[in-house]
Amino acid sequence: MKLAVLVNEGPYQHQAADSALQFVKAAVAKGHEIFRVFFYHDGVNNGTRFAIPPQDDRNITVEWSKLAEEHKLDLVVCIAAAQRRGILDENEAKRQGKSGDNIAPGFRISGLGQLIEAGIQAERLVVFGD
Amino acid sequence: MKLAVLVNEGPYQHQAADSALQFVKAAVAKGHEIFRVFFYHDGVNNGTRFAIPPQDDRNITVEWSKLAEEHKLDLVVCIAAAQRRGILDENEAKRQGKSGDNIAPGFRISGLGQLIEAGIQAERLVVFGD
Amino acid sequence: MAMLHTVNKSPFEKRSLDSALSHAIDGAAILMIEDGIYGALKGTAVSAKIEKALGNLKVYVLGPDLKARGMTEDQVVDGVKVVDYAGFVDLVTEYDKVQAWL
Amino acid sequence: MAMLHTVNKSPFEKRSLDSALSHAIDGAAILMIEDGIYGALKGTAVSAKIEKALGNLKVYVLGPDLKARGMTEDQVVDGVKVVDYAGFVDLVTEYDKVQAWL
Amino acid sequence: MAEPWEEEEGPVKKFMYVNRKAPYGTIYALESLEVVLIAAAFDQDVSLVFMDDGVYQLKKGQDTKGIGMKNFSPTYRALEGYDIEKLYVEKESMESRGLTADDMIIPVEMLSKDELTSLMEEQDVVMSF
Amino acid sequence: MAEPWEEEEGPVKKFMYVNRKAPYGTIYALESLEVVLIAAAFDQDVSLVFMDDGVYQLKKGQDTKGIGMKNFSPTYRALEGYDIEKLYVEKESMESRGLTADDMIIPVEMLSKDELTSLMEEQDVVMSF
């Protein structure tokens, strides 16, 4: 089945990002198609490559990036929410005159329309948040 | 009176950062000394200079930076919490091999001991969170 | 099939379990995840809510979240089914849609 | 002076107002800020809690948070005092310490 | 009946946006509204529900100057211009909060908990904020 | 009586760390523990309280392999080595959750709500997570 996932909280502070990650892994293992994972609200903070969690803890962003590479997942960070919270890719950084960017590999920044499209195209939308 | 403030949530997602900012402004206006503002948990996200909120909205980080400059405030971002969440200064970025940093002017990264010290030195500690 | 309702907060802290239960039709399902699992346990001040809900709803709890918090399957209210993440995925596909009571 | 307790969540969503009220000694103060202000209003399902608390506690609500949410001072339970941020600062200095019921 | 050019755009799904949080204390109310404004461009069947503390989003007379935040409540009045016309508030949520239709910034249809529950079951996609 | 060399280090304040959140669902339990471990180095009078859902932090038998997170509950057993010995759980919080002292990973003193309230009033600084 074609599934979409919405993640509304950043990593570590709430379990939402972990739960979404485990859910996506299980869905992929069962042969379902993940149409898109959309990161909204503080969820955009999943997409920073600047995070360095303690070595004995999981690195949620790295896990998303690996999962995206292995399974060609579409990880979309909401542009409006990302601007508010300081998540930038190279284009955005240039456009906004910021020195450098922090987006992690496998994530792309795009508009809220991508969330609505996920709702239309996927057969189920599963939301993880606070 | 000597006051210390602890901010436990990032800007925008929760009102905590706004409330802390308004409280600090009011305390300064009344002639109180702000010994330190300590940013912990997602509160470290107050310290990113990458954020670009909509033009008709407040820019919380810029307000902290301005306030720090005007009143010589000590804005301390917890290093452990900042590492988990991807807030870096130049030193940390170099030490961790990250390409670039994102700390905003007026903020400094330091250890949790700075929070305990604030608890000892200040006459009141006021906590803002979720 | 009706709706799958997910609840992720402790019923001792937030009221989202109440909201979910009072908006679930006969035959709908409740899945308790994260701190929501505390609502699925026997012998607490809120156990009666789930015992009553089992009359017209299916109730599930996420095993990995239960174990993480030091709770075992035999501490769960009788009639509540324990599922793993694969079971969570199955529930999402079996029910028509999912509502997260965040 | 006793403790100042701050509550920042709606009593319809979270149980933190209950925790604060049940851990405040006679003469302590409760200050409702942010979404906590909904607990200070007349004519709601939770108004009785504050009316009762006024028997042994001082109760304050932050005016700017009240106004932001479209509520006026005359909608506040009688006996609850409205303060601005400067008043919040005064309360912090008047009471011995502050506990935030997050 | 759908017009032929509407058919071309793919299936029309029933989307319900459920607002359960008070405004300003958290950002969910504002960012939910941003989703709804974008959703309006997709020609889907959109409903907005305000229940639990979400009914507070529509309270008249919001004035945020004192907290330094933007008052976004006027945007609810603009929803009609985006052809978003199915707005519902839950009666039980209003009553326990002592609110009436007169307190609302826009006209909304009041549904009982049971009516709302049925409507929710009719949807294809439910997004809750 | 304080020894003279202790006097030199400035005042000893009573710090109470109040834990009111369940573990893993949010990070507050873990990051609160990190504060307490640092606090131990400051020679202040430290108390730890577990109340409301915070009592769940001390539940025996935590096994986080299935959720991919680190099980930090063994750290509570290390607190004694840091000379943090005043640990309290609230009786009422335990009872409404069906928990007893046997469920706890470490020995703790059980206080009633009223006893805890009094203890809280005796503190100089209360930090709540």
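For reference, chains read A, B, C, D, E and F in written order, and residue numbers begin at 1 within each chain.
Going forward, contacts are C-beta pairs under 8 Å (C-beta built on N, C-alpha and C of every residue); 3 or more make two chains touch, one makes a residue touch a chain.
Because the structure is a prediction, the values reported are computed rather than measured.
Colleague: Moving only to chains each one touches, count the minimum steps from chain B until you reach chain D.
Modeller: Counted as steps through touching chains, the separation is 1.
Colleague: Which chains sit in contact with both members of the pair chain B and chain F?
Modeller: Joint contacts, listed by label: A, D.
Colleague: Select, from A-C and D-F, the pair of chains that is joined by more C-beta pairs in contact.
Modeller: Counting C-beta pairs in contact for A-C and D-F gives the edge to A-C.
Colleague: List the interface residue numbers of chain C and of chain D, divide the shared ones by all numbers used, and answer same when the ratio is over half, different when under half.
Modeller: same
Colleague: In whole angstrom, what separates the CA-based centres of chain A and chain F?
Modeller: The mean C-alpha positions of chain A and chain F differ by 34 Å.
Colleague: Roughly how far is chain D from chain E, centre to centre by C-alpha average, rounded to an integer in Å?
Modeller: 29
Colleague: If you look at chain A, which of its residues touch at least two other chains?
Modeller: 12-13, 15, 19, 22, 41, 57, 80, 125, 127, 130, in rising order.
Colleague: Mind pulling the residue numbers of chain E that touch at least two other chains?
Modeller: 24-27, 52, 67, 69, 125, 128
Colleague: What parts of chain C, by residue number, touch at least two of the other chains?
Modeller: Those would be 8, 12-13, 15, 34-35, 64, 84, 97-98, 100, 102.
Colleague: If each chain is a node and each touching pair an edge, is that a line, ring, star, complete or other?
Modeller: other
Colleague: Under the stated touch criterion, can you name all the chain pairs that qualify?
Modeller: Listed by label, chains in contact pair as A-B, A-C, A-E, A-F, B-D, B-E, B-F, C-D, C-E, C-F, D-E, D-F.
Colleague: Which bits of chain C are touching chain D when the two form their complex?
Modeller: For chain C paired with chain D, touching residues are 12-15.
Colleague: Residues of chain F touching chain B in their complex?
Modeller: By the definition above, chain F touches chain B via 10-11, 13, 15, 27-28, 31, 34-35, 38-39, 41-42, 44, 125, 127-128.
Colleague: Residue numbers of chain F touching chain C in their complex, please.
Modeller: It comes out as residues 21-26, 52-53, 56, 59-67, 69, 71, 73, 96-98, 103.
Colleague: Provide the residue numbers of chain A that touch chain F in the complex, in ascending order.
Modeller: Chain A reaches chain F through residues 12-15, 18-19, 21-22, 56-58.
Colleague: Any idea which chain A residues touch chain B in the complex?
Modeller: Residue positions touching the partner: 10-13, 41-42, 45, 48-54, 57, 61, 80, 83-88, 93, 96, 98-102, 130.
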